[in-house]
Amino acid sequence: MELERVAFFSDAVIAIAITLLVVELSIPAATEDVGAALLDRWPQILSFILSFLVIGIFWRAHHRIFRYIAGVDELLITINLLFLMCVAFLPFPTAVLGNHDSSRASVVFYAASIGATGAVLAATWQYVVHAGLLNDRADPRVVRYITRRSLVTPLCFLGSIPFAFINPRLATFLWFVPLGLLAVINLRHQRS
Amino acid sequence: MELERVAFFSDAVIAIAITLLVVELSIPAATEDVGAALLDRWPQILSFILSFLVIGIFWRAHHRIFRYIAGVDELLITINLLFLMCVAFLPFPTAVLGNHDSSRASVVFYAASIGATGAVLAATWQYVVHAGLLNDRADPRVVRYITRRSLVTPLCFLGSIPFAFINPRLATFLWFVPLGLLAVINLRHQRS
Amino acid sequence: MELERVAFFSDAVIAIAITLLVVELSIPAATEDVGAALLDRWPQILSFILSFLVIGIFWRAHHRIFRYIAGVDELLITINLLFLMCVAFLPFPTAVLGNHDSSRASVVFYAASIGATGAVLAATWQYVVHAGLLNDRADPRVVRYITRRSLVTPLCFLGSIPFAFINPRLATFLWFVPLGLLAVINLRHQRS
Amino acid sequence: MELERVAFFSDAVIAIAITLLVVELSIPAATEDVGAALLDRWPQILSFILSFLVIGIFWRAHHRIFRYIAGVDELLITINLLFLMCVAFLPFPTAVLGNHDSSRASVVFYAASIGATGAVLAATWQYVVHAGLLNDRADPRVVRYITRRSLVTPLCFLGSIPFAFINPRLATFLWFVPLGLLAVINLRHQRS
């Protein structure tokens, strides 16, 4: 029941954060050309979609981790809370990126925020594995598989930061790598 | 348990999106004639009510689909996430429509957003049927019934877009067709 | 399971609406005297507290109704959705009242919104009773008790509207009657 | 089931309040130097983190209390609703503190809000203990442990208020005491 309530609370926070992303989207009430104002909001809509997909990936990863957990201890609850804090923070960098999509600072801020969130989730999994909190459904193959998956998002986003100093656009292209990589890992896992 | 957590997450996102619609409603803090300011907000209140009803219809349709699902696979979770992204996006076109109710662009944007959401939900059902994810409560009659229902909302809203180019008001009238049509389909189903 | 998912969705919408009330509270970022700005927000904090308590009463009433329901049908889901729409709307009249606490229009708008919400909830209960959806825990005494309770809030708030035309303050005093009345009904019920 | 629905509703309200904290974070859409604007938001990000951790501590405390409850009565539901009202209010003092971090009034307002929330939660526990609502897992040692824990946060925050009149910064340093103290109590409890 303990485990269930933690899973439920996590799902709720993730669901709220993913839905709050829309709050940043708006056009001026006094605008006369609505069509032009909407086209103008394209970068914000794109950053909404990107963040929705990334948080969706985090939700599924969190989901996957909790499937193999036998029970929770105080430290796991604390690490999980840190992860939720990172997720709850994401609507802010999303809004900054949507409003300033060509700015180096906003690209770095976004990449660092997503990367940190992914790193905390990867650390959660490492803690579960090494503190002996796994249940008996978790065989070594599954552990390796989840470990590999959990590294993709933080490495791609943190790794894109140096490229942002060459060209912010270049960094944003690198963010779409995780989606492709995760699909490949997924395919290889389902075959084996 | 897998299925349950996906259903729970979906319910949470839909509940948040449907409740966030109210955030757009406000009157200027400095107004002197509150009564006049409220009457002035009539189009926004109407678009709040319309979106609430439409998202409510989506929730019930989602609900109905999940009643006949035996289990989830990776692709279903992905399609479902796309549906949730569309639902989470709806407060934005609702606010645009409320502020610019006579603009062609906002009417087309609203109809396209609702239509796309309904189309993704209809695709979810088609995937469930053809990937063999149905449980044994789903007889052919139920499958046909849900298929027919799932097409009503996307066809009405996407079909209203050409009419918006003749007259935006005309398109908005067409949106009330789904409510009537769904009631008729419902009645015929309950009789048989 | 059907019944459970409807109860869960209702709880989620009510929880979100009750928590969104705070979004309207703010002081100008540029203010120099924070203490004075906070005192200035007193009417908004009061309307936050009032709406929180009233929605809390609605939640408990909804809760109580669902304890005696054996199952849901299409019409009950529709009426329940109307109730949720009213609840989700309440942050708007709360914000209007907080910003314009001495305006007759905002007092009438608030009283009408709360009164309508309570009336839809009372109608929900009447539907449950007359459509034969009660479970076997619902004896006639319980039915009478819940019927009586469900009328208190709508009658007090709708009944306060004429008084608002004499004096808006007078109407707001009348709103505190339900809290007292509900306590009395409660006490008499627990004794018997 | 009663107990479960109250626990669920509480979790939902806490999850929403903790996630709504982010809504206050924003930078001007028209800013040219995004990096400088983000650095400028440092106090708001810090108050986001502080409030997230404090609400997280409240969630775990609430969680802990409900683990030892056998059932709920009307009064417990009412006290719990008061606690939820306090939690739902917290995004407001958080935003005020973030925007006016050196103001005495905002520091006092924040400390009083957190302190009051903690005091209501401590009162909830006292009510549970003295109204005989404990289940059989609650031995005297657990009761003492939770009582002690529940006093730390309200005493630290309410106790910091006089220091705010000497120096607002001094009070904010005192807020970090609970985190340390709770860790010590925790450690001693796990050893015994």
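Things worth noting here:
To keep things simple, chains are lettered A, B, C and D as they appear, and every chain counts its residues starting from 1.
Methods note: a contact is a pair of C-beta atoms (placed from the backbone, for glycine too) under 8 Å apart; a residue touches a chain by one contact, two chains touch by 3 or more.
Note that this is a predicted model, so its numbers are computed, not measured.
Using the contact threshold fixed earlier, the set of chains in contact with both subunit A and subunit D is empty.
Traced through touching neighbours, the fewest hops from subunit A to subunit C number 2. Note: Cα superposition of subunit A onto subunit B, rotation of 90 degrees, nearest 5.
Under half of the residue numbers at the subunit B-subunit C interface are used by both copies of the sequence.
Each chain's centre was taken as the mean of its CA atoms, and the one lying most distant from subunit D is B. One simple way to say how far apart two chains are is to compare their mean CA positions; for subunit C and subunit D this gives 26 Å.
If you average the CA atoms of subunit B and of subunit D, the two centres end up 37 Å from each other.
Those residues of subunit C in touch with two or more other chains are numbered 8, 12, 16, 20, 23.
Chain contacts here close into one cycle, and each chain has exactly two touching partners. Partner subunit D is touched in their complex by these residues of subunit A: 2, 5, 8-9, 12-13, 16-17, 20, 23, 74, 77, 81, 84-85, 88-92, 95-96, 99-100, 103-106, 109. Contact residues of subunit B toward subunit C in the complex are 7-8, 11-12, 14-16, 18-23, 25-27, 29, 31, 33-35, 38, 48-49, 52-53, 56, 59-60, 63, 67, 186, 190.
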